[in-house]
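First up is the structure itself, then whatever we jot down about it.
Each chain carries a letter (A, B, C and D) given by its place in the written order, and its residues are counted from 1.
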Amino acid sequence: MSDTNSTITLEIRARAGELLASGEVKAFLGFAEGSIPMATRPFIARTPEQAEKLVWNSFCVINPAGFLPEVLKSVEPSRGPKDPPPEGPLPRVGVVATGCWSRNMVVQMKENQVSRDRLVILGIGSRGMVSNKKVQAMVGGRDITAIEEGEHSLTVHCDGEKTEIHRWDVIRDNCRTCTHPDPVIFDYQIGDSAGERHIEDRYVQVDKIEAMSAAQRWQWFQNEISKCIRCYACRNACPLCYCPTCFVDDSRPQWVGKSTDPVDTSIFHILRAYHCAGRCTDCGACESVCPMGIRLRILTKKLEKDVLEMYGSEAGLDLEAPLPLATYTMNDPQQFIIKG
Amino acid sequence: MNNEPSAMNETKWDPKIIAFLCTWCSYAGADLAGVSRFQYPPNIRIVKVPCSGRISANLILDALKSGADGVLVSGCHPGDCHYISGNYYARRRFALLKNFLEFVGIEPGRVNFSWVSASEGEQFAGLVSEVTETVRALGPATRLVKKID
Amino acid sequence: MKILKLEKSDLDKWLAEWMKSSPVYAPVQSGFGSFYDWARLEQGRMPELLPGVPKSSIKTFLFPQPETLEEFSADPADPSAFILKAPKTAEQLTIIAGVRPCDARSVSLNALPYAKDPYYSNRLRNTALVGFTCETQCSTCFCTRTGGLPTGTEGLDIAITRMDNTFLAEILTQKGELLAEAGRTGTDAGGDALSRLEQSRKNSGSPVSSADDPAPILREKDLMALYQAPFWQEIAEPCLNCGACTFLCPTCYCFDIQDEVIRDRGRRIRYWDSCMFPLFTLHASGHNPRGLKLQRVRNRFMHKLKYFPERFGPISCVGCGRCIRECPVNIDIREVYTDLLAI
Amino acid sequence: MTKQTADNPNNQMVNSYTPFPARIDDILVETEDGNLKTFRIVLENQKDISKWNHVPGQFAMLSLAGRGEIPIGIASSPTEKGRILFTVNRAGVVTKALHQMETGSRIGVRGPLGNGFPVDSDLKGKNIVIIAGGFAFTTLRATLVYMLANRDNYGKITVIYGARTPGMLLYRDELKEWAGRNDLEVHVTIDSEAPGWDGLVGFVPTIAGEVAPSPENAAALICGPPIMIKFTMPPLEKIGWTDDQVYLSLENRMKCGLGVCGHCNVGPVYVCKDGPVFTREQVQRLPVEF
């Protein structure tokens, strides 16, 4: 483990341990070591001893915000459906948060999914997470038996050989183009601030698609989604997806067929991404969890770009400002409107 | 096979366009166009909705999936919404949706948005003519049209 | 059983010959992350066989989604409207090459619940499996802990093993013989080929027995003791309830059935379903017998490791490791084994 | 390689996924809220009719092409030849569509499926107690009609049936007819007093406790909402009933009805294939996932 990550790991353990010991939080949501290289496991510590299992490394790709509503509920005293809420404040939950995750928590607060006063946030300036798919590609898809993280490099063990790769070369695309690596809300800062970053080619992936013809874009889209097996890992890993009944599960009316028919799969991906418009913080969880390697983020990134260009809004930066699709101005752009 | 004139080609394709019209302005505009006997192509099938704010991406995609060659959504002009602000919210959603559908390869012109007031019968007729011609020029929809074989 | 000796060029010839009359699928490298997955071979597009298994399991072929169960006319004027009829099935052989022993074994395991399923049987009859035994085990491989072997041949029509720079092809079935014939090359490996093959396997250090098969032990364990074990909460806690594990798993065979109608034509299809989804068990009344994540995660593992062996004998897992590799939150079935066996 | 490699018995495999074409022959609205209708179904093909043979307690898949399939208990007895009855509650997509159909419409029927009550084996020669609540009476109606048609095979038959209101009782005409028979003891109850009702008032468990059927050489067939079953057991246990004498019918979401698709499992058993009828003794050994 790199020095930065081991320092952060120790700080998280110490802080989470304290919070749990003092009773300030009833549970602490972070990551534990996985059972295979490049895997971490979302982990909920409920005792100071369990806090010792928490880790921080470059493979924390799941957005913990998605677990928050469930974990918050789990620490509430149990009660029947008709019982009144208990008196006094409800127990709190601790959680680690990088820039994008904290922004998701802001979105969740605006959408009344979590409340600020029930969270104790350990803010971490992110150096970016590593894409296991990119690492995999670096070694030609071979089996990786171990991986060691240095400060700026990764040593990949494969077939008894060691391959040294630059960390930045395998950073996830969303982290490469991240402009807000520091958390926007937090209670304790862990490690150093990562600072604001100015990214020239923030929308390079989107620009490339936009430059194509409609037919080429359709081809690209169809090619991407043809791999989809409809496992819904993208949806379920997304902290924005919390509808009790997702549109894909609606039966009256049924909006989307459930098999891997290309039209149904297309509609699923269009609507899934579209539902994230103005709310997505490009945390990259959807793309990271996709077992089939679909470049899902390009879809949400396009929406992010348009929301920023048209409405000057970036998701989750401001706790007070309304969500861009829950507000309007009199003179929003409307060049697309056909004049009769 | 190639020498035989195909039945499909023989029947002249005529675009089918689903129009979602808000009941207060655009539907009234369509009504006025009829009452005033403004001619417009018979290619649209109107679905009357309370407000353009009611139109979700789900409905538009469902129309395309079910085989519509084009979609037209029309509501009150900004500022005229019967529910004060429904069309303002809708405008943001439509702007993003239109761009996004084009981003994934839906031809510009398949999905169209407009504002038509209750007094704009002639404009409505013009709009329908324009949209019909646009869709006709694009040809039958294939992308996002569900087929079973 | 016949054993043929093949050079690399003979193997290529086999594939090329087969392609002339049948669709041939094999693993080729593709996609973001350079994973390799099944693709139809064409002349000039040859398989790449990395250690381990391709991304998708071969249930993609034998239990494809969607599978049309029946078709019907939805035209009310048609006198046979709304009468469902199973589609005519084509008797066309599909050849899957480069199948690993674990995947091949999954075919026989799935054939247990599908014993009376005409669609599965039909596809099984029309599919030939040409396998490559494993020389190395990946970090996520654990077939020997499921009753399988890296050199196992169960379910295969031809099993190919690399020996030094040549290949030995065990022709295991009648279908395999037809394929070997159609390949039009290869020499008889001689009478002692089998013992040489076994010796070479022994020398390579590859496991020769699946002594760790947990099925007999798990069958004997008390059902409710396993069901009520304290560890389920911890296992289930990080689960996202996605279907990545079930859909990539070669032995997850659950499906859903739905009707689709487009204008005057309709079909009833079946497609993969996952017991990880809350909808899987939701009653029309709103009641859900497995409404909790814990119950769903437990059901998946209990089904594989207890319910299935109680019903059919073996466990419903072949140790391919796909679920371990692809689980977004790293739920590792090997840990569940250990936990269950400790009860 | 398109030729057959060998002659295949599999080609002749019965396709249990394909429903028999059938017509709705008659529709009867059963309850005052209109949510329960009994559909009389006639199979269209003579060969399907002659093959059809079911045991009371079994179910079938009603298939509405374009909508889907639903598992519904068969409400008619095999002794009622030429017609199959299904009493259907309007709940989901398919049942709603079915409720909108008219006499003469075509549907599909796939079945019979599962295991029914052991009317010709374990139950033979026994005193029978039928306890039902609400619209769970359907397969018990089938059972009762069967037993009355083979009256000599059974001892004393007692029926305890309850619903929320008089208007929510199923098969009201038949209930009257059965009440008039002297080879049958019928106790019909409603949850609370209602105008015009002079019968029993009280929940099924209470009435079961009052009737107190003897467990001597007897079997109880209980169908109803889980809460009713839960509260019916203690009064029965108090007078000596044991779990192996009690037969229950379970329900779960089903798709294939053949024990393959995986939806309806309760632990290692499939409700569709191993059930839906189980003894309470069997159910007690299973996880509570139904």
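Operating definition for what follows: a residue touches a chain if its C-beta (ideal position, glycine included) is under 8 Å from a C-beta of that chain, and two chains touch if they have at least 3 such contacts.
Since this is a predicted model, take the numbers as computed values, not measurements.
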Selected pair, greater C-beta contact count between A-C and A-D: A-C
Greatest separation from subunit C - chain, by CA centre: B
Subunit B-subunit C separation of Cα centroids, rounded to whole Å: 46
Averaged-CA centre spacing for the pair subunit C and subunit A, given as whole angstrom: 32
Whole-Å separation of chain centres (CA-atom averages), subunit A against subunit B: 36
Multi-partner residues of subunit B (at least 2 other chains): 146-147
Residues of subunit A whose C-beta touches two or more other chains: 257, 261
Residues of subunit D touching at least two other chains: 92
Complex interface listing, subunit B residues touching subunit A: 29, 57-58, 61-62, 65, 74, 78-79, 85, 88-89, 91-108, 112-116, 120, 123-124, 126-127, 130-131, 143-147
Residues of subunit D touching subunit C in the complex: 1-6, 8, 10, 13-19, 21, 63-69, 91-92, 95, 106-108, 251-253, 255-256, 258-263, 265-268, 285, 287-290
In the complex with subunit A, residue positions of subunit C that touch it: 29, 31-36, 50-52, 55-56, 65-66, 136, 138-140, 237-238, 240-244, 246-248, 256, 258, 260, 269, 271-272, 274, 277, 279, 324-326, 328-332, 334-335
Partner subunit A, residues of subunit D touching it in the complex: 92-93
Residue ranges of subunit B touching subunit C (in the complex, touch as defined): 66-67, 146-148
